[in-house]
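Some structures to go through are shown next.
After this come two complexes, each holding subunit A, first together with subunit B and then together with subunit C.
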Partner chain A sequence: MEAKYDFERKYRDQVLRCSSCGFCQAHCPIYGLTLRPALNARGKMLVLKEVMDGTIELNDELVETLFQCTTCANCSTNCPSGVEVPEIIKQVRQDMVNLGTCHPAFTAMADVLARHPNIYAEDDKPDFGRPLNRKAEYVYFIGCVGAYREEDSTEETLSLLDHLKLDYTLIDEVCCSGVLEDVGHKINPGLVNRNVELILATGARTVITGCPYCFRTFNNKREYEALAQAGVKVIHLTQLLQDYDFGVRTDKVVTYHDPCDLGRHSGIYEEPRRTIKKIAPNFVELSHNRAEAMCCGAGGGVRGAYPTNSIAMARRRLEEVEASGAEVLLTECNSCVHNLANAKLRKHKFQVFTTTQFINRLLNKEG
Partner chain B sequence: MEIQGYNMPEDLYYDENHFWIKVEGNTLTMGMDDFAQKTAGEIVFVQLPEDGKVLQKGKKFAKIESGKWLGKVLAPVNGVLLGVNEELETNPGLINQDCYGQGWLYKIEPMNLSELEGLIRGAAALEKWIPAEIEKYKDQM
Partner chain C sequence: MEDRIKSALKEAVGPDNFTDRLIDLISFAKDASQNKGRPEAAVWASTREQVAAVLRIANQEKFPVIARGAGTGLSGMAVPNRGGLVLDLSRMNKIVRISIEDRLAVVQPGVVYAQLERALAPYGFFFPPDPASGKVSTLGGNVATNAGGVKGAKYGVTKDYVLALEVVLADGRILHTGSSCMKSVSGYDLTRLFVGSEGTLGVVTEITLKINPKPGLAATAMATFDDVEDAGRAVSQIMHSGILPSVLEVIDRYTLMAINENTELNLPEVAAILLAEADGHTREETAFQLAKIIDIFKQNGASLVREAASQQEADALWTARKSAYAVMTRINNNLLVEDLSVPMSRVPEMLKAIADIQDKYNLKIPTVGHIGDGNLHPTISFDGTDPDQVTRVEEATSELFRKVMELGGTLTGEHGIGLDKARFMCLEHDEIALGVMRSVKRLFDPNNILNPGKMALEA
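The block that comes next holds the complex of A and B.
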């Protein structure tokens, strides 16, 4: 029988390969929070088997199951059967959108990006007081969260780059739009072309992204191939910072949260740690770190579509921070820092910063 | 009073960003109005600054967020933050459930109550303001 949906054409073998062992339940942030089997990879694969068998249809009733996933890949990283759950989920979402069914928050996101240059429908662009679009060796690409939700963190990052006397420019950036493909829609070519044109016009050989998700989008999406073809390299901020000595130290106990998009998805674990350990000799690891890191709950569109659960997942991550005894939690993803900061309670005595924010504070003797 | 499905008590003061203010003796209580909580959606985060924070009229002193929306809370008057609704730390949805009661946000000690006079108040003002706001934000409804 011919496959009815694209997810079945591409991933039938993998869906069937799921042995329902449930190992993923130990790693899934949504299952850990809700204990609902339908929201975990095992449950999702069981549902998709029934869809493939024709027992149930892909329709609105499956939105909660199939759209409530941060695509953190903790499940697939630990799957003994090698099922690539996030890729399957993203394809299923595209099938559902093609059928006209989708979580309303994600439909809204696609509409927003069709009319606005960022995911928040903000028309007033932030002004970080630095020139845009000039000729420079580097472009610093902020990302939507850094520009519109974590402006203070971005300002401190830019101050640090100024302190390092890096020859960089900002651009009149628009959303990388990579997130659209995670939530069933298509990357926005107009936004992609705008970013590529602006980057190439600066003559920069390297783009530094503040956002791990933008980093992945620029490096992995074929729509951004023009950058590589022009010899432009895209790196994440942590890959730049690891080469510097800042000449500051703290005696505080510091820990680090591995963002999923930087860690599991991009394999960048040691670069942030090199920087942090130079400034914080009293560094401690969270009990789940590197490839085992717990997701903060913001990714895969979950912060926009299931915000209460998103923050609850972040709060569970903060329980590990509290247990570590750390006084400072660092991370290098504005989405993570935003969700973790929202989840932080008054009883939590530790502070939450991006690494660059913290370095800047030490330089200004505020840490 | 109800205006096109939005509950807007006439005896409260309102700022243009849809925060209500109630005078209780020498203290002001501040919260989010029904129009704002319905437009914002499920509130998931309310910033709760420390008591004693000095507030400057018109300046941001806190923020409120739903899934994708962020609202800046501007001080309606010059004064001092006396207290915050600590229930909102773990149950910010109280704002959606009962925005004029259990979902109150902040208590403020004003320097000068006369600074409230520029705010929106009363049936006539509300009947002019809310329909205009509905039109202004209709794309976000």
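The block that comes next holds the complex of A and C.
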């Protein structure tokens, strides 16, 4: 029987290889929250098996499960059968969009990026009062969340870069648009070209991203190959910071949340810990950490499409922070900061920062 | 299912806890076995009253009710192969009480094994029967299957720990069995009747478990054998030596070959590896036990014996055993994890029979198992889309269980009968035994609504 959809052509063996053991239930953030097997990775694979068998159609009835996945890769990282669930889900979403079936919030995302240079459809560019589009050794690439939703955090990160006397420039950046591929659409070449041109024009040898998702997009998407070809290296801020000694420390109990994009998707677990342990000797791990870290609930388009569940997932993560006794929760992703901070309740006495933001506050004696 | 029945169910559990949506029905159609069957609806119950209300409706309308926990079973017992209603208990997940003074824990059926393990750890206690799926499987599932685990030979299985149960009967009445006392011979042992009854007699809504103080130390050793007979003799000798290892596992040659073909581990492809762990409260205690085990390994012709000097080394010795499942499940698209037990002295014969069967049916059947209690897991990785392979797997399985019976074994050590082994029940149990089981079923469930079609309970 000839495959009807691209997901089947690419991932048929993977879908069949799911042995239905159900071990993903221990890891899936949406299952953990809802205890609804249909939303778990196994439930998704069972649905896709039926689609491949031709017993059901790929249609609107399946949107609720196939579009409700943060692509956090906690299932696939811990899957005995090695099923690459996030890759399969992304491909299925594209098949569904091709059929004209898609979650309205995901369609809106693609529409926004067709008309605006950022994911929030904001017309006013943020002004951080730093040099723009100049020749420099480094480009600092902020990302949409840092630029439009977590401006304070970004301001403090930039202050820290100033303090380190780093020769950097900002650019008139636009959305990296990698997220479009996660939500069933195609990366936007206009936005890609704009970023590539602006970066190359600075002559910088290194791009530092504040956002782990932009970091992945620049390094892994074929459309951004021009950067590597021009010898431009893209690193995440945490990789830069680990080499510095800041000469400040806090006695507060500090913990760290591994962002999915930096941890499971990029394998960067130890760099942020090296930096944090230098400034916070009272460091504690959350009960789920590194490859088993629980997702903050924001990824894969879920924050926009299923906001109630997204916030509830963040709250489950915050329960772990509370149990750890930490006074400060650090992470390396503005999207995680944004979702975790939004989910914070009055009873949660700890503070939430990016590591750079927190270091800058210590330098300014605000920590 | 008629709309009026759906309305009644919605009223019983609340509209948000009822579903007949396609994605839900598909997700409830399977467990970890090869069986499949889509239900007509499903409900999530959160109280015993809701469970009772649902069963009253089912009993009146005579539709099947399939209780379900995490759906990690390996014999199809939670698969709604006749449609009907899935009763999902995973949201009944409260640990009601932990009483260290009385050495017990009271839990709801949806509590995950690992959740109880975490809750008991601060007290230095544990609940020994740990299924390999313990990170996700529920304690209701432990009770329904009478689950075992790697510690069975020393610590027993679930039935050895269940003191009391609250069970909703098919007609909605709520039955309390057993007692919170460590000793009780008061009346029939109804508790034991329900443990392992696979959801065919009632729905368990509260479980009182005996819990154990956890020994803080363990020592681990591994031995390779060039002949399974030698390994088998070593096991028998250990088990009557007065030492009870907390773990005694076997990994056979075909498992080692499968691991080597699919990983870089380069394990020795010997006839069998035995892995032993001795637990205790002092170093002297664990060292004494392990020394005796190692002696027995050597007396029985072990070609190589290795003792772990650290936790890290112990983890390394466990690598082969722990990677077996992941390797097997990646080889092909269908995985059949079999489960059988034979008297300990017959284990070498059983391993040889499995090897003969794999050759005869041109299959690969690697075997691992809890050899300390004679419980083996031959595992078949096959292509479920190839009808010829499916037939060979079915025929091989039939021959496997005929051999198990010949050796005085039993159809299942810890996974249960479910759908997979219903057809073999008459091999192990004669007409009188089956007749009594069917009478018990009729007594508790005259309308045959509770997980019908499982365990060969229909004449």
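Here, the second predicted complex is superposed on the first by the 367 of 367 C-alpha atoms of A that agree within 3 Å, B and C clash if a C-alpha of one lies under 4 Å from a C-alpha of the other, contacts with A are read in each partner's own complex, and residues count from 1 in each chain.
Going forward, contacts are C-beta pairs under 8 Å (C-beta built on N, C-alpha and C of every residue); 3 or more make two chains touch, one makes a residue touch a chain.
Here the structure is a predicted model, which is why all the values come from computation and not from measurement.
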Touch test for A:Ala38: subunit B only (first), subunit C only (second), both, or neither?
second
Touching A:Arg194, do we find subunit B (first), subunit C (second), both, or neither?
neither
Once the two complexes are aligned on chain A, which partner has more residues of subunit A within touching range, subunit B or subunit C?
C
Pick one for A:Leu16: touches subunit B only (first), subunit C only (second), both, or neither.
second
Please indicate which partner A:His185 is in contact with in the superposed arrangement: first for subunit B, second for subunit C, both, or neither.
neither
Just checking: does A:Arg264 make contact with subunit B only, subunit C only, both, or neither of them? Give me first, second, both or neither.
neither
Please indicate which partner A:Val47 is in contact with in the superposed arrangement: first for subunit B, second for subunit C, both, or neither.
second
Touch check for A:Ala105: first (subunit B), second (subunit C), both, or neither?
first
Residue ranges of subunit A touching subunit B (in the complex, touch as defined):
105, 109, 119-121, 148-149, 303-308, 310-311, 342, 345-346
Flag every residue of subunit B that touches subunit A in the complex, lowest number first.
42, 44-45, 48, 65-70, 86, 89-90, 93, 140
Subunit A contact footprint on subunit C (complex, rising order):
21-24, 26-32, 44, 70-72, 88, 90-91, 93, 110, 112, 114, 133, 135-136, 325-326, 329-330, 333-335, 384-385
Parts of subunit A lying in touch with subunit C, wherever the complex brings them together:
13, 16-17, 19-23, 25-26, 35-38, 40, 42-43, 46-47, 50, 56, 61-62, 64-65, 80-82
